[in-house]
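Shown next, in structure tokens, is the structure this report addresses.
Chains here go by letter, A, B and C, matching the order in which they are written, and residues are numbered from 1 within each.
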Amino acid sequence: MEAKRRELVPLALLWGAGIATLVILIVILAYILANGLPVISWHFLTGEPALWGQTGGGIYSTIVATLAVTSISLLVAAPLSVGGAIYLNEYTKETSLRMVIRQAAEILAGIPSIIVGLFGFLFFVIYLAPFTGGWSMISGGLTLAFMVLPISLRTSEEALKTVPAELREGSLGLGATKWQSITTVVLPTALPGIITGLILGVGRAVGETAAILLTAGGSLNLIQSLRDPGRPMTLNIYNVLTEYRDTTTAYGTAAVLVIAILAITLITDLLMNSYTKKLKGL
Amino acid sequence: MDIATKTSVEISVKSLNLWFGKFQALKNINIGIQKNQVTALIGPSGCGKSTFIKTLDRMNDLVDNVKITGEVVYQGRNILDSDTDVVELRKQIGMVFQKPNPFPKSIFDNVAYGPRVHGVRKKQNLNEVVERSLKAAALWEEVKDRLNESALRLSGGQQQRLCIARLLAVEPDVLLMDEPASALDPIATSKIEDLIYELKNDYTIIIVTHNMQQAGRVATNTAFFYLGELVEYAPTIDLFERPQDKRTEDYVTGKFG
Amino acid sequence: MARTRYVRKLKELRQNVIDMGALTVRSVEDVLTAFELSDTALAERVIANDDAINNFDRKIEAQCMTLLALEQPMAKDLRMIATSLKMITDLERIGDFVVDIAEEIITMAKPIRIPVSASKFNELVADVKLMVVDSIETYASGNVQQARSFEARDDRIDFLFKSIVENMVNALAQSQCSTETVADVASLLFIIRYLERIADHAVNIGNRVCYMEEGDRRFLK
């Protein structure tokens, strides 16, 4: 009995630690949603922003800007990260080059986003202005791609590593070429992991603020092309708060952002679960 | 080593040496594998038998730091030559692995995999190959009504027969089997053994096994490997009833070490 | 050395076969002594002893089957078990012939008289006795060279057997014998026939020892 009671103390502490994570998440979500949901209306989602110097108005243009920069970053980062992961995992042996590339990805992931933003500003906004249009969706998207790349590279590589060597040997043993083996056996098996990595990257891109602040511009006008400047949702929260103390719009935008990220995560999870089940034949 | 001269030889290995880095895994192996017979390779773990069959379809190419000398003559050519078309070679010399490794695809797609990567596209041709291969692997009756189900839903023994069917679909001459029944229960094992015995009519089979009774049941000839050496190679009955080498005697009677 | 329990069981089996062999040798020696001394009582005891040999036969067969079923013996172990399994049948048959000889001794007139050259007869008896002793000895020692000599020694025994039979038939034909004498001669004919058969079993044992030691399967072909 005594021993059992002594067991209870660490158990309770561990339980508390586990529950704390959940409580913190719920508190933040509840607070944001409680304040933000009442703000959301059809007009809020699709309306024009308030005129300069005024508060309120819709956030349609910021939603479009978020979609634009996120899509660009994903389009650039996905092939690079998956291709890079395939190269590292399938084509290089455990050599120093591989270690260097992996280390580089790690360091890239650890660089503060404002510094990546600074680079994006100098390189895309200033130096490549003739192509990117200066502050623009392209500049913002490419800068975000730098931030997405290391995350999805590492997760894709991990996903490829979990594909059993027997499957590769099986395919090669049937006289398939290496590339055939990769495209027909390895990639389909690793797909759930790769997609999850890309989604993590998207989450990062959608939520990034500092890098966007320096590269996407900040115009509330609806973008007409990708070379236009724009203001993604995160940036909008920052701007309306710092410039107008417009907490209403901030909470509303935050709620939309949170719901979007939750939706992306949940939908991907569902799709990947059913895909994995199909792979396993359940 | 008088076996080699008796009947026609499918694969002739001469002075084969293999190193992983500084470790010599195979030492001066000379062996003639008889055509349309089952040859069993036995020996304690790490004796080089698996390394040896992987050399026969150049699977050791996938390993870092390998150095190989000597000759493996198949169809009049040394397959160890650097200009050997490895992809073509592996169509003719196929491998079945220790753990059944079906692809996470349907039963049909598993068997059709080989023909597809080799360019067969017509649905009707694929249907024929799949049926023929599954029948040859004694699996057709069990799966003919659920070809579109995932291969991973099959039992371990069925999965292994599927892997054999998958191999037969690319129409090889030689089947290499690396402990093909070690992960299976006795009933599934005996099905695989019956299948191996049947298949030798059309294929040359080399099987690595830890199970001496299995070698006894399926193999015409048996080779005993120890510490990278081919110690003794003889008709299976001779090797088990009256081995010539003391090391073979100690191994088959289980009094090793 | 791995499989110590198995190795011990093999040793036990071997020892049992040797013990059974020793028992059989004793029976052969005793029955020949009974013959020499016309000792009916000893002949009776020899008959009673046959049960012990038969018991050994069943016990060793059971041991062999257990080893075969449970231990998957290979190589020399397998050959030793197979040899033992066959050899106990030879020993058991020798035991039966000993009983047959003892029964003849009991029915014969005392003292037993041999109506032909005693030297050939004594040679036959001595040779057969020695062959049985040697056959057990080769099993125990693995002396293949000695085992290989059995065929030649058996040829000599066969020769002696035939010439004694011939002599006896001639003796019977030439003399006017009483019915009792004819009956004794018939018994003697049986006895030397049994001795000749005992030697054949000893030869079998020798061949099986060659197989056990060297995997030499020639005698099976």
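The rule we apply is simple: a residue touches a chain if its C-beta (ideal position, glycine included) is under 8 Å from a C-beta of that chain, and two chains touch if they have at least 3 such contacts.
Just so it is clear, the model here is predicted, and its values are computed rather than measured.
Q: Thinking of each chain as a vertex joined to the chains it touches, would you call that graph a line, ring, star, complete, or other?
A: Per interface graph, the chains form a line.
Q: Which two chains does the highest number of contacting C-beta pairs join?
A: After tallying contacts for each pair, the winner is A-B.
Q: What chain sits nearest the middle when you go by CA atom centres?
A: B
Q: With centres defined by CA atoms only, which chain is the most remote from chain B?
A: Relative to chain B, the chain whose C-alpha centre sits farthest away is C.
Q: Cα centroid separation between chain A and chain B, in whole Å?
A: Distance between chain centres: 47 Å.
Q: In whole angstrom, what separates the CA-based centres of chain A and chain C?
A: Whole-Å distance between the two chain centres: 93.
Q: Rounded to a whole Å, what is the gap between the Cα centroids of chain B and chain C?
A: Distance between chain centres, rounded to whole Å: 52 Å.
Q: In chain B, what residues contact two or more other chains?
A: Residue numbers touching two or more other chains: none in chain B.
Q: Where in chain C do residues touch two or more of the other chains?
A: Residues: none.
Q: Name, in rising order, each residue of chain B that touches chain C in their complex.
A: Its residues touching chain C are 212-213, 238, 240-243, 248-249, 252-257.
Q: Which of the residues in chain A end up touching chain B in this complex?
A: 93-94, 164, 166-167, 169-177, 180, 184-185, 188-189, 278-282
Q: Help me check something: in the complex, which residues belonging to chain B touch chain A?
A: That would be residues 57, 59, 62, 64, 87-91, 94-95, 97, 99, 101-105, 113-114, 116-118, 149-153, 163, 166-167, 170 of chain B.
Q: Could you please specify the touching residues of chain C with respect to chain B in the complex?
A: Touch residues, chain C against chain B: 1-3, 6-7, 72-79, 214-215.
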